[in-house]
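Attaching a single structure in structure tokens format; questions to follow.
Each chain carries a letter (A, B, C, D, E and F) given by its place in the written order, and its residues are counted from 1.
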Amino acid sequence: MLDAYRSAWTDVAAHLRGTPIAILPFGALEQHGPQLPLGTDTATATEVARRLAERLDAVLLPPIHYGDTWNNAGYPGTLSLSPATVTAIAVDLGRALADSGAELFVVVNGDWGNRNPLAAAMRTLAVEGRLRAIALDYPGMDAAIEAVRESRGAAPGLNHAEEAETSIMLAIDPDAVHPDRFAPSYPVFPSDFGTRPMQLHPFSESGVFGDPSRATAAKGERILAETVEASLAVLADLLPHR
Amino acid sequence: MLDAYRSAWTDVAAHLRGTPIAILPFGALEQHGPQLPLGTDTATATEVARRLAERLDAVLLPPIHYGDTWNNAGYPGTLSLSPATVTAIAVDLGRALADSGAELFVVVNGDWGNRNPLAAAMRTLAVEGRLRAIALDYPGMDAAIEAVRESRGAAPGLNHAEEAETSIMLAIDPDAVHPDRFAPSYPVFPSDFGTRPMQLHPFSESGVFGDPSRATAAKGERILAETVEASLAVLADLLPHR
Amino acid sequence: MLDAYRSAWTDVAAHLRGTPIAILPFGALEQHGPQLPLGTDTATATEVARRLAERLDAVLLPPIHYGDTWNNAGYPGTLSLSPATVTAIAVDLGRALADSGAELFVVVNGDWGNRNPLAAAMRTLAVEGRLRAIALDYPGMDAAIEAVRESRGAAPGLNHAEEAETSIMLAIDPDAVHPDRFAPSYPVFPSDFGTRPMQLHPFSESGVFGDPSRATAAKGERILAETVEASLAVLADLLPHR
Amino acid sequence: MLDAYRSAWTDVAAHLRGTPIAILPFGALEQHGPQLPLGTDTATATEVARRLAERLDAVLLPPIHYGDTWNNAGYPGTLSLSPATVTAIAVDLGRALADSGAELFVVVNGDWGNRNPLAAAMRTLAVEGRLRAIALDYPGMDAAIEAVRESRGAAPGLNHAEEAETSIMLAIDPDAVHPDRFAPSYPVFPSDFGTRPMQLHPFSESGVFGDPSRATAAKGERILAETVEASLAVLADLLPHR
Amino acid sequence: MLDAYRSAWTDVAAHLRGTPIAILPFGALEQHGPQLPLGTDTATATEVARRLAERLDAVLLPPIHYGDTWNNAGYPGTLSLSPATVTAIAVDLGRALADSGAELFVVVNGDWGNRNPLAAAMRTLAVEGRLRAIALDYPGMDAAIEAVRESRGAAPGLNHAEEAETSIMLAIDPDAVHPDRFAPSYPVFPSDFGTRPMQLHPFSESGVFGDPSRATAAKGERILAETVEASLAVLADLLPHR
Amino acid sequence: MLDAYRSAWTDVAAHLRGTPIAILPFGALEQHGPQLPLGTDTATATEVARRLAERLDAVLLPPIHYGDTWNNAGYPGTLSLSPATVTAIAVDLGRALADSGAELFVVVNGDWGNRNPLAAAMRTLAVEGRLRAIALDYPGMDAAIEAVRESRGAAPGLNHAEEAETSIMLAIDPDAVHPDRFAPSYPVFPSDFGTRPMQLHPFSESGVFGDPSRATAAKGERILAETVEASLAVLADLLPHR
């Protein structure tokens, strides 16, 4: 594994000749309640990407710290990119990686809002056909969360600033977590929630969607570990053969 | 000073209400010879931004790790964004900061290739008029370099992977520097260098443009300190009055 | 209910003043095996839209006959729009409907590939805030298919040119179905299918993904009816109150 | 002739191998007075296209039901696409047809506002050079109208919702025509009409520009027939030779 | 009349306060056979614009020397802009003129290929509604040409580098005309000429489409004068009332 | 040297075969105080370009009369193009010149605001690699101004409508200069001038930034001559070898 950020180009070039895989964490600067940092999505994606890079002996790229997080843009401090910008970043980096000799470009996506823009980027790279490109939306994470969760989420499929995400941050960066601010929040959702694009701040003051008080680092570690294993399974058949 | 990456949105929101200044390091993943890491520009911009944030009690934003570094794109590992992508990132973040209550958006630019795209972004934000936005291209740094430099640069105004940049990285992150690889390189430039867009790899094998062997952390510290002071002078009249 | 295609503008204008709802079927011209017509997605979306318009006394718009169907573009006769074109069509029509007095714009999407581009359009319209806009991706249809299906699908969630779609077309337009060509096809999928953008023709000669031979019009009718009911449930809270 | 909408891809693929011609009706959802349906332009273009497809044994594509009809956008129910969207649709479909083996792409344009955007698309396809592409703006129709017309038009070259268009719809779809609403309308045009882009609703309440009361299906049939003949003459030298 | 190119901004500002009309010649650098200069279209548009400015006491803007002349791009020396660039120039200038206090923006278009892109620009300015904008495509010129012409044109409506255009240049800038190169040329046109976008060089070696040998300055002067009169008639009702 | 504007395409084609160099003056219509014409930048660039064309026996192209002059857009009569338009013009013309056989495309830029947009265009052309393209920003001019200047400028590097520019116009087109309006103006600049995009009209009523009263044609001639020599030195190594 090689951390591109702190490595010389000559070392990265040599590493890619041996293992032509590069892994990019794509995060967001997004509200995660009063108890978790704005960088939660980036930190999580970076941790998953780092573990994948170690397992695959890949080049770990420095993260994109911002994503398309329009849904949370009503909470000050959240800084959202437009979807076109997210797509452009991933396409530009994919092309540059192909120029650098990479054969597999893995994007570890940490933000729900990046899904569609990254899918668009992956398709553009697929059409160009210069390298394999895949955006991982945390395969296995939902199942892992279900297995450890003790409190219910605020809505199906919405694991935001609650037990699961708080557990993950306790595992990754406990000093950035504020346990004194753990407070459950189960907003009353608009009846059309989930059916069309919608921002969250009109019906959630804190930005918490569940109960962080049952969070533990051990749960977070298990979620991360299972996500990494499931990601490796997805990647298994894409790996360059040398 | 508040580090947005590790802070909750509620803390950032409160901080911006008191001091509505946000500082973004805009770097690049760009070759810096065999002795310096690809993240040199980002590390430098982040260090300058961090010091400015401390002095101004501002919100420090997590860095953009990639920039428009087409000139160096021929060195594998260098991953360049297109200029339009650089502009889009800065415009998107400027707008989001205005939504979040910031009144001054300072971009600390660490990469030569970002200058024009960031100038375009600053103008767009100026026309929109929702907050003051300024991109700092290291004011004072050239003078500081001249004051400490013991080896000549390879070309006027081109301080790339030589004594000055190596000194800066020795001051910021010495473990990422490879002193055993310090080797001077004074390429023969094409006669039209500097007059039109041009990539560097055709005439420089290593990507070093000068002599890193005289680099010291003390020189780097002085360059950083003087750049910060000059930056503060530029910013003095832009600060919000509270 | 008013069919805009065959109605005068004065009648549509009057109808929208009473019931300001417009429904657009968004289809595709996409291969559906040798037994079903290229217009299958459009026909299905139009039928669902027509029933919804009747139930809601809405204006039924004429369908978009083409969609983003890049996955099937390798089968001649399939004519795919780019995702940007799909988004542009939906945004243009949403704006024009707001100008015409509509308050709710329902897009009945008949093509998997349109999902992301239509979601982007819905968000643009949501940000503009001139009318409520929602793209329905056949709510309830998967459950209805599971309830009637006698043959297995070729892959989870991929109901393409098999028992379910053939049943639907038998219910809508039996003369356009070729029962003499019913032939099961269970392709061997690439191991990375579903994880990244991929075209289908390299591993499926006929374009059939399952077994059409168990299809019946009754099953199709049930699928349609349950999709309509589930769609009405989704729309219930979005309806303009008069 | 093959109707792509109701044909399987395998049949369309085979047909294009024999006769590589595809014909697309490009219409509009545009006001045509109180007596004619919004779909008048699409219905007319589809009828002409169907007849051409029969004569040339071509593949008939399902119509585009919307066009650039900004001039009429002030009449509710008219839904106009932007010119860029019209161009994009035609370019996307032209490229997809080339991929599908077509050698001649005939667009039968039914809407005045589509002329410029379709001309732009045809030029793009001409530059790409993958197939011949032509947009027909009803050659012969003006002469045919002059030959049958008994009432004068409201302005030279403006045959909108008057005797000619009403006759055409009586020939194509008489049940969609409201004879009880036939009312002549000769608006007073602004003196600069025809010299610069202008919307029609400020000076025409009904959207009728002439006198529909003399319309007959026989006149409509003659207009259609002569337009088809003139179109065939234009196409004669473009036909693929097999 | 004020020539903006050679006038101070203070004079132009004052003039626009009295007569808020600005006139822009939009030309092309396009082949006009061996006997006429590449700047023929610009020279003609500039002459017509100058005369209009005198008659209307308007501000004459310096010309755009390049246009969309793709049809002639196969003749070296012809330098064509893309249609989007032509549109952008006219929109930018129209907006800037509105900022400067102009109320009427007259574009005198000298190039056939600019028609559609300028029409698109005029519509954008019409929608924005900040000033009246009109592109004149030489009203009255065809009739004037018919009245003086002694040789036939090579194709209906195609007056290119033949008797008429040569006469105009003899009237405007006789020293730039090469009478020794006057040579008739009546190319054999492809049978589909005029029905779809097409370049001219494949069937015309010289770029002449008619017979320049009957050209005289007097004919040119008459064509110009009648074009100016017809243009004034078109503009009559658009003039600002003071 | 050949003046393309008044030359036939056949002559330009032949000339480019012998000397494949084309020179484009890129100006602006920009306020230059009450004493100088709006076309000052274009006139200057055209004069420098004409002299270069004579020295290099190149093809002189007609000028672009408009540029990106947003800084001065607050003075009526100034007509600014957007930066994207400036870039598009230069890219379009560079491509067309490559098609016409040119091997070197020299843009003589007369307007500060065009620098970044033209640099972007030059890079695009460099990446395409079809011809060498260079934008000259008046090399040598600053030194020449310093050598002749008797009055100080209003700000470092800002030579606008003062002694130097007035001298240049006295040398090029003295009849367009108003000596009776010579009036020094030394505005009080905002403290952040030069650090971020900013318009000039809020702090300068006349648009003069210095003292035109010491201007002479002889100074202007010397500035022009030295700029031409320095430009030739820059171009020396780019010239095509025949």
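Definition applied: contacts are C-beta pairs under 8 Å (C-beta built on N, C-alpha and C of every residue); 3 or more make two chains touch, one makes a residue touch a chain.
Values in this document were obtained by computation on a predicted structure and should not be read as measured data.
Peer 1: What is the set of chains touching both chain D and chain F?
Peer 2: Chains that touch both chain D and chain F, as defined above, are E.
Peer 1: Going by the touch criterion stated earlier, list every chain that contacts chain B and also contacts chain D.
Peer 2: Correct list: empty, since no chain touches both.
Peer 1: Which of these, A-B, B-F or D-E, gives back the C-D interface, meaning over half of its contact pairs coincide by residue number?
Peer 2: Most of the C-D contacts reappear at A-B.
Peer 1: Name the chain whose C-alpha centroid is farthest from the C-alpha centroid of chain F.
Peer 2: If we average the C-alpha coordinates per chain, C ends up farthest from chain F.
Peer 1: Based on mean C-alpha positions, I'd like to know which chain lies farthest from chain D.
Peer 2: Most distant chain from chain D: B.
Peer 1: Between D-E and A-B, which chain pair is linked by the larger number of C-beta contacts?
Peer 2: If we tally the C-beta pairs in contact for D-E and A-B, the bigger total goes to A-B.
Peer 1: Based only on mean CA positions, could you tell me how far chain A sits from chain C in angstrom?
Peer 2: 31
Peer 1: Using the average of all C-alpha atoms in each chain as its centre, how far is it in Å between chain A and chain D?
Peer 2: Here the centre of chain D sits 49 Å away from the centre of chain A.
Peer 1: What residues in chain A touch two or more of the other chains?
Peer 2: Counting only residues that touch two or more other chains, chain A contributes none.
Peer 1: Round the ring, from chain C on through chain D, what is the full list of chains in order?
Peer 2: Starting from chain C with chain D next, the chains run C, D, E, F, B, A.
Peer 1: Would you tell me which residues of chain A are touching chain B in their complex?
Peer 2: Per the touch definition, chain A meets chain B at residues 4-13, 16, 29, 31-39, 42-43, 61-66, 73, 75-82, 84-85, 88-89, 92-93, 96-97, 99-101, 173, 175-176, 178, 181, 207.
Peer 1: Which of the residues in chain B end up touching chain F in this complex?
Peer 2: My answer: residues 70, 83, 116, 119-120, 122-123, 126-127, 132-136, 139, 190-192, 195-198, 234, 236-238.
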